[in-house]
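Submitted below is the structure of interest, expressed as structure tokens.
Note that the chains take the letters A, B, C and D in the order they are written out, and that residue 1 is the start of every chain.
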Amino acid sequence: AQLEKQFQEKIDADIKVEAQDWMPEAYRKTLVRQMSQHAHSEVIGMQPEGNWITRAPSLRRKAILLAKIQDEGGHGLYIYCAAETLGTSRAEMIEQLHAGKAKYSSIFNYPALTWADIGTIGWLVDGAAITNQVSLAKGSYGPYSRAMIRICKEESFHQRQGYELLLTLARGTDEQKAMVQESVNRFWWPSLMMFGPSDKDSAHSAQSMKWKIKRKSNDQLRQEFIDATVPQAEFLGITLPDPDLKWNEETGHYDHGEIDWEEFHNVIHGNGICNKQRMETHIKSHEDGAWVREAATAYAEKQKAKKEAAA
Amino acid sequence: AQLEKQFQEKIDADIKVEAQDWMPEAYRKTLVRQMSQHAHSEVIGMQPEGNWITRAPSLRRKAILLAKIQDEGGHGLYIYCAAETLGTSRAEMIEQLHAGKAKYSSIFNYPALTWADIGTIGWLVDGAAITNQVSLAKGSYGPYSRAMIRICKEESFHQRQGYELLLTLARGTDEQKAMVQESVNRFWWPSLMMFGPSDKDSAHSAQSMKWKIKRKSNDQLRQEFIDATVPQAEFLGITLPDPDLKWNEETGHYDHGEIDWEEFHNVIHGNGICNKQRMETHIKSHEDGAWVREAATAYAEKQKAKKEAAA
Amino acid sequence: MTDTNRKAVADYATLLGDNALIMGHRLSEWCYLAPTLELDVAMSNCALDYIGQARELFTYAGEITGKTEDDIAYLRDEMDYRNLLLTEMPNNDWGYSMAKLFFFSAFAKLFYEKLMQSKDETLAAIGEKSLKEVKYHLRFSSEWLIRLGDGTEESHERAQKAIDDVWMFTGEMFTLSDFERDLAEQGIAVDVSTLKADWDGVVNELLAEATLKRPENDWMQSGGKQGHHSEYMGHILSELQYMQRRFPNCQW
Amino acid sequence: MTDTNRKAVADYATLLGDNALIMGHRLSEWCYLAPTLELDVAMSNCALDYIGQARELFTYAGEITGKTEDDIAYLRDEMDYRNLLLTEMPNNDWGYSMAKLFFFSAFAKLFYEKLMQSKDETLAAIGEKSLKEVKYHLRFSSEWLIRLGDGTEESHERAQKAIDDVWMFTGEMFTLSDFERDLAEQGIAVDVSTLKADWDGVVNELLAEATLKRPENDWMQSGGKQGHHSEYMGHILSELQYMQRRFPNCQW
């Protein structure tokens, strides 16, 4: 209890918690859960965009897309490493993912169906992620917070690229414009769901706020995202698919319509159109690669033995 | 020796040999080799054409192509059955194919690269096959001969369809015409090679002729094919890629240039561009299907046991 | 019939044709890859049936809209195809393909039985002809699911996984677009929602015989009928349409 | 320089770009399917290098012929692509992909070392920049072949099979088209036939270290440089070109 008190004092004084510091088990567990979920999301998020690499309509866009997916892989690596400082190995985290015990962001269970989706994912999905991550970058756990700072920079770059892709389409042919509108129609609501359930339904939030794992509530972050995004949509010349979306002079924010939480829960609980596809793709490539990882280990051990024999 | 004499007398009298009849071991062996090679050719020949099913440019052509490939599968089945009358099971024949002990027609180691190839395969490859098969239909082994009669009818149909496909292209745009010429350039020589080595280099031929397994020599059949095909090429408006090809008033046949037998032997001996691809595709689908065949056997046995228990 | 109605009939024929086209496309991928040569032949046979149905349906739609069957088959964008998600799922293994074919043909049999009674004579005729075909598909896939379910341990497991995986794509078969409902009320289209109970009966009976369990999760995917497909669809179309896109306005 | 010569330089840059384009295409297919996340990232990296090379080479060719890099990359027919057969082979497993990358990058390193000395300044500059990249690919794939060859029994077998299977596509790297020979004589193109001995040295050394056997069959495939590809090429192109064929003359 004394330790816990000191811990909370440190948090309150905005001193970062480091890997070797004492921390409550629940704090560690919450963080591992959140960080592994975040890392898994980066990795699974490679799939919908990966679906378009071989079909990218120009070499320039192909290179941008590939570099973006590569960055996501890098983010995944970076966050796995940060999570490992808390004593859970990447292999364990992947095992939990495959066993269905660990989650990843539900947004990646939606399919990337058109080229415009590549832009929309950059603009809305990365946009929502950044809003979240800017807040996480101020979180209390040092390694995670530092990872977030670095990742946020790259994500902002991706978001601008996504928006720029959509702008190009929006200034293109009628067919291209329609492609943008259709894509945004599909991704708008799922993007809003990325912030999680409404505050009144959100479990664990209070403790996470107290520990400064979370710095802002789901609804606060969602509102920030909406306020930032609506003007961008106007500049693109598209309509966001929410008839209730309008500026509220009084609050200084945009009001929005009711989110379909039934869909949200369904997709989270495995009922999205791509849940199985995403997970089976990940499991299959992991299994297909087993012999390669084993070979690398065997070779490293042989080399080590040789070195020791020579020493 | 007495039996052999009687056998040869029967052959000489053009009486068909049937499965239950006595026959020399060498006759049986030659036939099994030839028939299994023929069946394998039908089956492996499904692959190059199968490469275009999902890309066929019209629904009508897609249906024709699919029906054709289906017929080839049917021919394969039919010839395997005929070969089984000689005491070798289909499973054994497939095992020999996979072990590289049994051959299939080398022509199927050439790739089907353009849509025109689908026409050319029908016109030239099936055309060459028919020339051969018409002769085989007069062969001495009853079950094979009867299979050939039936198969020839379908093959002639396929050949006409192939020619008609090419005619449509030849009457189409310049690009379509060029596609036909380019395709024929690639397939002409390999088609001529389908008749096998020149008579002077052909092993076993004499005995096969005596047993009436073979009724005409390789060079005879090749000449028949050329004589029949040249006017069709003229009607198509294309040039056959042989500068030495010309009508010989004296012989009443077309003279042709020298065949590149080095290429022929290379492709036969595994060095064609598609040899590995064809064999690995066949092996893989065979292995992938093992559990299905096992399930069917297990189920049939269970049903049989139930019936017997009930009886 | 009004022009609006004629247009709706064309849309309806196109929607039905899309299911047949994509079913045929996937089935045709088996044509030299099935577990035995007999099954290569059988799968090509089923594929040909569906491609034939697609041709008749598109031809009819084209008569109304002034297009050819190939215009309709090849020259639309992904979101204009209205096939069920079920039809576009990849073949995976034999069990998965048989589960797909069984669920679909059990539906198609009930569907065509009703379509035969359509007030639209062409649709009724197509229904009658197609019924014979899908009856064969139903028998074929039923027999295979029984063999797999009641075969070896491995085949039982694979068949059960196939059933479980395909299941969430079956619900969409019984959903109606608004224009379908209108046509159904006029006795032209089939009200597919009324087929569900019979379909359940067929499925339950078969699963029982095959010693397989009916999946418990009843959440159903939809989207195909609104043009919102899976990620597989784009790859199907990039092959399907390639020649027509590269060489427009040609005779083949 | 004569116009004919300029045209030949454009053809040459296009030929080199085709190799880079198709290498990049296949490598990019690994981007989320490699054995570890580190390798996903590494493969995307290699793919990006090749796509970058393709862009530079096509841009240069396009400056001569008045086309854009995308015109060249996307709007030719299969037989106009002149990439080596090696580049279009599918990824199969990690061993096969590493064998492909090793054989190609061992060649590319020697090639770009010579291209750096081209009398054509643009080609020389591209050669210098690309050399750094392919040196990394060579090191990466060499290290992996050693690990696989000298790893477990399974990995040794798979690596040997990969080497054996890829082998017949390596000879084409050292063949010259007539126009290449002309350009080589002018000091513009590289006479690839002169690289064979050094390449053999690199390969023999690596295979020895990896405890793998050099294949004995020395029959080599060719055709890619004449536009005669494998059956894989058409499927690559149907995806690669789909958007450009469907939506011609658009900005992306």
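FYI, contacts are C-beta pairs under 8 Å (C-beta built on N, C-alpha and C of every residue); 3 or more make two chains touch, one makes a residue touch a chain.
What you see is a predicted model; the values in this text were computed from it and never measured.
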Tally the contacting C-beta pairs at the B-D interface and at the B-C interface, and name the larger one. B-C
So what's the Cα centroid distance for chain C and chain D, whole Å? 42
In whole angstrom, how far does the Cα centroid of chain A sit from the Cα centroid of chain B? 56
Centre-to-centre distance between chain C and chain B (centres being mean Cα positions), rounded to whole Å: 35
Touching two or more other chains, which residues of chain B qualify? 55
Chain C: positions in contact with at least two other chains: 238-239, 242
If you connect every pair of chains that touch, what shape comes out? Choose line, ring, star, complete or other. other
Return all touching chain pairs. A-C, A-D, B-C, B-D, C-D
In the complex of these two chains, what residues of chain B are touching chain D? 48, 51, 55, 111-114, 182, 186, 266, 270-271, 273-274, 276-277
For chain D, which residues count as touching chain C in their complex? 77, 235, 237-239, 241-242, 245-246
Which residues of chain C touch chain A in their complex? 78-79, 85, 165, 168, 217, 219, 221, 223, 228-231, 233-234, 238
Using the touch definition from the top, list the residues of chain A that touch chain D in their complex. 43, 46-47, 50, 53-63, 66-67, 69-70, 73-74, 76-77, 80, 115, 165, 168-169, 171-173, 175-176, 281, 285-286, 288-296, 298-299, 302
Please name which positions on chain D make contact with chain A in the complex. 21, 25, 28-29, 31-41, 44-45, 47-48, 51-52, 54-55, 58, 69-70, 73-74, 93-95, 146-148, 150-152, 154-155, 158, 236, 239-240, 242-244, 247, 250-252
